[in-house]
Structures are given as C-alpha cells and as structure tokens.
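By letter and in written order, the chains are A, B, C and D; residue numbering begins at 1 in each of them.
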Amino acid sequence: MKIGFLGLGIMGCGMARNLMKAGHEVTVWNRTAAKCTAFAKEGARVGATPREVVAANEVTFAMLADPAAARAVCLGPDGAAAGAAAGHDYVDVSTVDAATAQAVAAAVTATGARFLEAPVSGTKKPAEDGTLIFLTGGDAALYEKVGPLLDVMGKKRVFLGAVGQGARMKLVVNMIMGTMITALGEGIALASKSGLEGAALLDVLAAGAMACPMFAGKGPGILADSFPTAFPLKHQQKDLRLAVALGDELHQPLAVAAAVNEAYKRAIAMGLADADMSAVARAVRG
Amino acid sequence: MKIGFLGLGIMGCGMARNLMKAGHEVTVWNRTAAKCTAFAKEGARVGATPREVVAANEVTFAMLADPAAARAVCLGPDGAAAGAAAGHDYVDVSTVDAATAQAVAAAVTATGARFLEAPVSGTKKPAEDGTLIFLTGGDAALYEKVGPLLDVMGKKRVFLGAVGQGARMKLVVNMIMGTMITALGEGIALASKSGLEGAALLDVLAAGAMACPMFAGKGPGILADSFPTAFPLKHQQKDLRLAVALGDELHQPLAVAAAVNEAYKRAIAMGLADADMSAVARAVRG
Amino acid sequence: MKIGFLGLGIMGCGMARNLMKAGHEVTVWNRTAAKCTAFAKEGARVGATPREVVAANEVTFAMLADPAAARAVCLGPDGAAAGAAAGHDYVDVSTVDAATAQAVAAAVTATGARFLEAPVSGTKKPAEDGTLIFLTGGDAALYEKVGPLLDVMGKKRVFLGAVGQGARMKLVVNMIMGTMITALGEGIALASKSGLEGAALLDVLAAGAMACPMFAGKGPGILADSFPTAFPLKHQQKDLRLAVALGDELHQPLAVAAAVNEAYKRAIAMGLADADMSAVARAVRG
Amino acid sequence: MKIGFLGLGIMGCGMARNLMKAGHEVTVWNRTAAKCTAFAKEGARVGATPREVVAANEVTFAMLADPAAARAVCLGPDGAAAGAAAGHDYVDVSTVDAATAQAVAAAVTATGARFLEAPVSGTKKPAEDGTLIFLTGGDAALYEKVGPLLDVMGKKRVFLGAVGQGARMKLVVNMIMGTMITALGEGIALASKSGLEGAALLDVLAAGAMACPMFAGKGPGILADSFPTAFPLKHQQKDLRLAVALGDELHQPLAVAAAVNEAYKRAIAMGLADADMSAVARAVRG
C-alpha cells in the first residue's frame, strides 16, 4: 500500500521503518528535513509538505510531538487537511488531548477524507520492536482497513468509539500507571525506613499477584536513585492533571489520583521535571 | 522428617497436606479436633495439645488465624513453648504483627529452641498448590534448615533479618496491593464515566507494562460489581492502617497510602467489610 | 461624581444603591431592562447600552455574573470598551479568572481609558450593608481615585499589583475557605460518631482560637443537615479546582486542598451542586 | 474550700495561683519539690505525696504532663487513689487519651471518691489569665460542684458525658486546628508563588468570615518562617494520628485530616518536631 508518514521523531522512526520492512511504499516528511535522508537511503520517498504527502498517498500516519505540532501539521495552508479529499485516510497516532483530536478530525473529515485517532501506549523500544498498543477512536471502517498496518507496528489495538475516546483511554491508563509507580515508591521508602532491603521487596513483588513489567523495569532504578528518562516526569504529571480534570468534568472523585498528582507536583518542585516519571519515588521518600 | 503442624484452617490444610505428600511424617493439631480426622485417615498422627506436638517433633509449624490465636497456641500451659527445648524448632507461618511475633519468639527461644517467623503472601489456592511466598525473620540457621520444607509449600522464600521483619515486609506488600487495587478502581470508574468499556481498559492493561495477575484476577469482578471474598476488605484496611501507623512511627509520610486507607474506611462504612478487598472499587466509584 | 453601574443582579443592586445613598449621580444598565425601573424611581438615570453608560460617566463599575458576561458586556460593539476613551475609568468588580480580567483590561486600556479589577469577597448581605472586601489589581492611580467609592460599598480594600492578582487572591482565600468548612464537617462527623453533641463542639470552637464568623454562621446548618444557598457548592468547587490548577502551574503542591477538592466533587456527585458550599459536610459524613 | 493541686508545670502554676487568688486554701505537690517553694511563700501548704494531698482535701486537681505521669501520680502506693475515699473528689485536668482517663477514673471511683476528667484547651497564657476551656466527662454532680472552681481558672466549660468524652472532644478540636493551620500554610504558599504578599492575605482573612485568633496569632510567624513553640508540632501530629485512628475505630473516613497528618509527618521528617505546630507551613511550602 502507498503510505504517508509525517513525523520522524524517536517514535516515528521506529514505526515508519516497520511499515517499510513489511513491504509498504512509504513517503516520509519531517519538520527538520535532515531526518528524512536516512529514510531515503533505505528506499523511502520524501515529501515536501504534509499537504503533498497526504495528497499522494492512500493512508497517511502522523506521529507528532504534542498537540501544538499535531494541529500545525494538519491545519496550516501546507497542512495535511489541505491535501486531503474523499478517498484519502488520515490516522493520527500522536498523543494529544481529546479537543485537539476533535479539531484535527473536523478539519480532515470536512474534506471528505476519513479520520482515526490512534494514540499509542509504549515508548521507543516498543516502537522499534513493533509492540505498541493502539488506542483508537473515530471512523470504524477505517479502523478495520488499517488494522493490518497497526499490527505491523504494534501488538495490540482497540477501537473505543468516537474521536476523543482514544485520548481519554490513554489518560486513564497513565493515571493508573502514575498511581502504581507512586505506590512502589512509598513501599520502597517504608521498607527502607523499616530496615528492609528494597531488593527483597522487588523480589517478593516479582513472585506474587502484583508482578508486572513496570515494577521489574523501574524498581531497580528507584533503589539506585537513578532515573534515566524513558517517559518524562513532567508528562506523567500533565496526564495526571488532565485525568483529575476529566474527573472534575464528569463528577468522578479521584482522591487517590489527586494525591498522586500532588506527589508529582512536589517532584517537579524538587527539579525532577525532566527525569523519568519513576523519579516521583524520590519526592515520596522525602 | 518428623514435623508438627498446628492449625488446620483453610490455609493450614493445604500446607500440611503438601508436607505429607512430600513424604514427611506429620503430626497435626487443631483447636477444633474434628478437623484432624480427615488428616488421620490420610496417615497423619494427631496431637492432643500444642505442647505435646512440639515436644514430639523436630520442627513444628503453626498457621493460626490471628495474633490472639498465635499467642494462645504458643503461650498457654499446654502451649507450644511449654513443649519446646533445645533441639526443637518452631516456625510460625501465621500473619501477625511484629509485636506478637516478638512475644512468641521470646517465649520459644527462652526454652533453648529456635524460632522463625514466616508469614505467607498468598491465599487458599496457592496454599493448596504449594505456591505461597514466605517472608521470614529470626534464626538464620533455622531458615536454611527448613528451606526445603518451605519450598514444598511455596514457590518463593526470603530471609529478612530479625523477628518482626517478616511481618513488616508483609505490611509493605499489602500496602502496595491496596493502592494498586484502588488505582484500578479509580481507573475503571473514570473510564466508565467517560463512556469507555471497562473490559477494554482491562484488555489494554493486560497488554502493557502494568499487566499483573491481580488486575487479571480481580478486574472482571470489579466490572461485574461482584466481590466474592478471597481476602476480606476489613483485613486489607487493617493492614493499610498498620502500614500508615508504621510510617508514623518511622516518620515516613505516606500520603497516597493514607488516601487509600480512607477509601477503604469509606468502603467499610458502606457495609463492605466482609466483601473482597477489591470491593473498595465500589466505594471509589461513589 | 457621575458614576455608571453595569449589572443589577443580587450583588449589583446593593452596591449601586449604596453609591446613590452616598450622593453620587448613578446611571444604571442591566441586560434585563426591567430591573432598572426601580432604580429610575429612586433617581437613577438608565443607560441604553454599556457603551453609552461608559461614554457618559467618569467612572463605570461592572458587576457581572461570570467571565462570559464580563467579556460580553465589555467587548461587543455596544460594549463598555466601545464607549471608553482617555479620561474614562472602568472598574470591574465581577469575579472572573485572571485571563478574563486581562482580556477586559486590554480592551479597555487600548482606548486610553484606565482599568481596575476589583473582585469582592462577600455575598448579598455584605453588598447591601456596604461591608464587602475588594481585592484589586491594575491601575494604581485609579485605585487611589476610586478608594472613597469602594469604601462606600465595602469595609476593606487591598491593592495587589497587576491585573489578575485580584482574581488570584480571591482563589487563595476561597481555597482556605473550602478547606476550613471541610475541616468543620469532618470534625462534626467525628464528634457525632463519638457520641458527642455537635452543638457542644461548636460551643467549644466559639470560645477558642479557631472562633470565626464562618463557623458560627455555617455550623448550625451543618448540624441540622440544612444548607440554604449563600454561596453555591459548585462555585466553591470550581474555585478549589482553579486553585489546585494554579498550584499546578506554579509547581506548588497543595495536597490538602486537592483532598478537599475531591470531597467537593463527591458532594456534586451526590447531587449537592446547588446547595450551599457547606453541604460538603454531608459528603464528608459519608 | 480546701483544694489540692498536683503538678506545678507551666500550666499548673497558673491554674493553682488563680485558685489561691480566688481565696481558696490550696495544698500543692510536685514531683520536683523545688517548685513548691514559691507557692509556700505565697501561702500554699505543701503536700508530701499525692496520697496525702488527696486525703487532706475536699477536691484535688491534677495537671500532669502526659498519660504516663497521670497514671503514675494516681495509681502508685503513694498515689492519689491511695488517699481517696467517699467524700473526696478528684479532677484530672491533664490531657490524656480516653483509655488513661478511664483507668484513672476506675482507680478513683473504686475507693468511693468521685472523678471528673477535664482536659483543657489553651496554653500558658490562658492558664495564667484564667481563660482556659474545660472539656469534661465523668460525674455530673461533681461537674456542678466544681463549676465555680473551673470558672476561676477558665472562661468556658462543657460537660460531655462519660469519662473519655472530654479526651475525644479535645482530639476533634485539635484535628480541626491542624487542618486549619495547614490550610493557612497552603494558602500562604500559593499566594507567595503567585507573587502576592502574604501580609495582604492575612489582612484580607482578618476582615472576613474566616477571621480567627489563630490566624492572627500564627500568621505573622509563618510569613517570617519563625515558629517559637507554643504547642509542639509533634504533639499536634500525635493528636492528628489519634483522631484519624478514632475515625478508623468508628468507621468515619477523614480524608482531609489524613492528608494533614501526612503533611505533619513530613514536617517531622524535616526536623520540625519540636517547633511550633504552625511550622507545618514550612513542610507544605515544599
């Protein structure tokens, strides 16, 4: 299939390569054109603008850094929507808020093209390994059509309804993630003050009902007070804030997530905004 | 080996049977003697008192319901300590607080016998399947000696230092457990208010870094608002209370666990004390 | 002085009347013109549009219901800013967020007129009695000029710096208010569960270091589980939400206010949005 | 009246002197006898033991430092209970937990004497000025009899029922106090991060519905980051912990007080245990 791919950041590189490896004809575009060179050597075409890429391909994926970038790449005069028309499909796999997803969707569908939001759960390694999780919302027929492409890039995909539901699911998942890593941080702190080895705690957790890849992956770093950034703490805090705000909007009290959010705010006040999200453990330890 | 086993409740039955299956000569005792009959038919000897059991065996395990029972079985005139002497070993696998563990330890070691606390993580099924986790403290040499016996009953064992450390580790683990299940409850509540299927959330969690046996096991019950009791909510709340109190004693703030404890108190106020600990999700949902 | 007054709601009526009683020549305007009739009988002039009122008076006050109304009355083609020019002063005493205050300020000052935000602390009775508290920000010289007018309507005024600081101070004050009333609610609930009379608690509080008009005023209603609305609970929750968000923006953790906000959300989920803000006590009681 | 007074600490000195000034014949006793000398010069008799003081007086008051002292002074062989008999009255004005009050009550009433617990709200200055608040429980007839004596030492007294209710009321009051001072701390922190003067906030609070002696008294110290000890922070934290525990016992969730308790624990972890309870503001500021 002829596929466009907008955005060659850490995530986009891995994803676009996996589409190429699967035999698709991929046209790439990136704000900083230099990043496209390596892809051209590997056989990709290079587009001049998002508009051109969308116009020239059957399906275009966009993996942008944040809501502002997702809007800019889609909405400008050379933007993706300007190149869209009936018969074209646009799949935004960036992580954005529901309002941004809806704004992009409106611009795209107004042209007659179809739209799917598909934010991912997973970071660099899963993007390279093709083990991402796609949380999608929007056009159900488009979801069915691009399913095989998503399966090339990920190990799991779910369709959640209208545009915005993918973004909301991601908030819920990250809210649970923030609480879990803070729970681990409090547990390690209490164990340590009790004279128990943190490693023994991780060992016990790994053997029981709470064993999970995140504890195995992040636990040793917490014990070593070392937090190399996989998911920046400030982004985790932003997701907690937005999740609590979503609860505000829907009248759902979230007393525990709100307490976790405050722990993250304390971590930011301590200068840990750019550390890994697991650095909340240092703030919790006190 | 000649082994005594005191306490044939839900947990004790499974554990004693596993020792018998492994070929050990087991003498059982239970407060309600009727429970011993089945074991006698399976080839176990039956002791008249804890004192007699301890005096007649090289190693005696005790699996009692709570701290009061653990003290009563060990400390009375016909109690375990009265039968102990140098050359005898006593391993208390009951879940008790550190102070009770220390009181029992003092009574046993005063006779010249050795003591190990070894509270377990795991409930009925793991007891039957021999997949418990032992959190031990006390006599290190005794830990080495009974290691093979613990391995018959469990899949994991750790030695944590002085008597009381096993009890403390269990509090830490259960504190993390309480926070995690409450995080899941808040996540399901927020998803539901957002118009997302709870099943989709569980599905997404199962595919990612937070996948754990507890979410898989308890999640569907939360969606169905059904909480058949594996671990009573009131016991989970007690452990949260004790963990927060341990933090109080050690000057370790635990803001998130404290918020979780209040959610559990709300669940108890709603009449859920005897439901499964996952019923906190109903209190959280509001 | 020739004074304009825009907005004759519950608050505006009391304030405009106090200006008239003090001998000023007042021109009123209200979205629903009928409200102006009574004022005309008392000697006020009636303006046709905010634009006309501002153009015809030296100082114009605006007391609007919410940020949307404050913007609408100022920014439209017949709005206040359209009538403003150098030599005219505009004082917005509505309670709005900092962004709205800044938008209105920008529109007014762009004409050469001066602007002061002056949101009030206090409700209907203080507005009638002339005992409001003004939290002002913007043009310092204008603050000095209208000081005597504010003193006619209030008992206290402070100048806090740039436009937006008045709005922020109001959030801080209302955040403290929300926590205090929730503290009283928790205290009454704990006293009651302990078999203590709530009235005795109020009595003791009234005699000590925590004695305050709010406890005296709201306490009996909490005991009677009766919450006639002076300040709607949903508005108090909104202010808590905004205060916590301000903390988010400024990296100031607010663990207690965040917990209070969740209690208010629970109250709203229980159907208490339009009750008095003290109805949080019912949510807290559980 | 012939009155005994046990305990001449900071509080007891002021209280005993007020009884003497009112014309009563007072016999004092103190663990460290030296403190009695000054009282002897002012006309007081000096007792050799609590037993002797109780035996020789119609009513004896005890103002001891903590539960251990309250028990020691009452229960030993030379203790107050040993000197008690029908016709004697014992009023314990120490601050103790309900269990201690009940133990002392049982020992006293077993002799035929009457007992009243009457812990006070107020510190050194109110003790000297005779403006304490008495929170009493126990013998209602005794409460009536000693009312005039309590009025000499205090400005307010309430009778709350059985022994233990005075202690519980004090916990409730101190729980509210802890939340209020933390609310002020959070408010000052948020104001400060917003670029608002803390003094302006105190000024605004002083003019409104939340004006209270505590804010007026403690606010300036918080602004100056200076916390001369009137009520030690560690004692306030202990009361919060006990209040939350009382809520645990009675199944009353106290989410806000629990969050406040954690803030106090953080303050202790920061080394502020012996500072004034208002130093929680430093922990909250982060």
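Everything that follows uses one rule, which is that a residue touches a chain if its C-beta (ideal position, glycine included) is under 8 Å from a C-beta of that chain, and two chains touch if they have at least 3 such contacts.
These numbers were taken from a predicted model, which means no experiment stands behind them.
Undergrad: Have a look at where chain B meets chain D and say same if over half of the interface residue numbers show up on both copies, different if under half do.
TA: Comparing the two copies, chain B and chain D contact each other through largely the same residue numbers, since over half are shared.
Undergrad: After a C-alpha superposition of chain A on chain B, what does the rotation angle come to, in degrees rounded to the nearest 5?
TA: 180
Undergrad: Comparing centres built from CA atoms, which chain ends up most distant from chain A?
TA: D
Undergrad: So the centre of each chain is just the mean of its C-alpha atoms; given that, what is the distance between chain B and chain D in Å?
TA: Computed value for the inter-centroid distance: 41 Å.
Undergrad: Could you put a whole-Å number on the gap between the CA centroids of chain B and chain C?
TA: 56
Undergrad: Mind pulling the chain A residues that touch 2 or more other chains?
TA: 247, 251-255, 258-259, 262-263, 266, 269, 286
Undergrad: Mind listing the chain B positions that touch chain A in their complex?
TA: Residues in contact with chain A: 121-122, 133, 135, 155-156, 158, 160-161, 165, 168-169, 171-173, 175-177, 179-180, 182-184, 186-187, 189-191, 193-197, 200-201, 203-205, 207-214, 217, 243, 246-247, 250-260, 262-263, 284, 286.
Undergrad: Over in the complex, which chain B residues touch chain D? Could you list them?
TA: Those residues of chain B that touch chain D are 241, 245, 247-248, 251-255, 258-259, 261-263, 265-266, 268-269.
Undergrad: Provide the residue numbers of chain B that touch chain C in the complex, in ascending order.
TA: The touching residues are 255, 259, 266, 269-270, 286.
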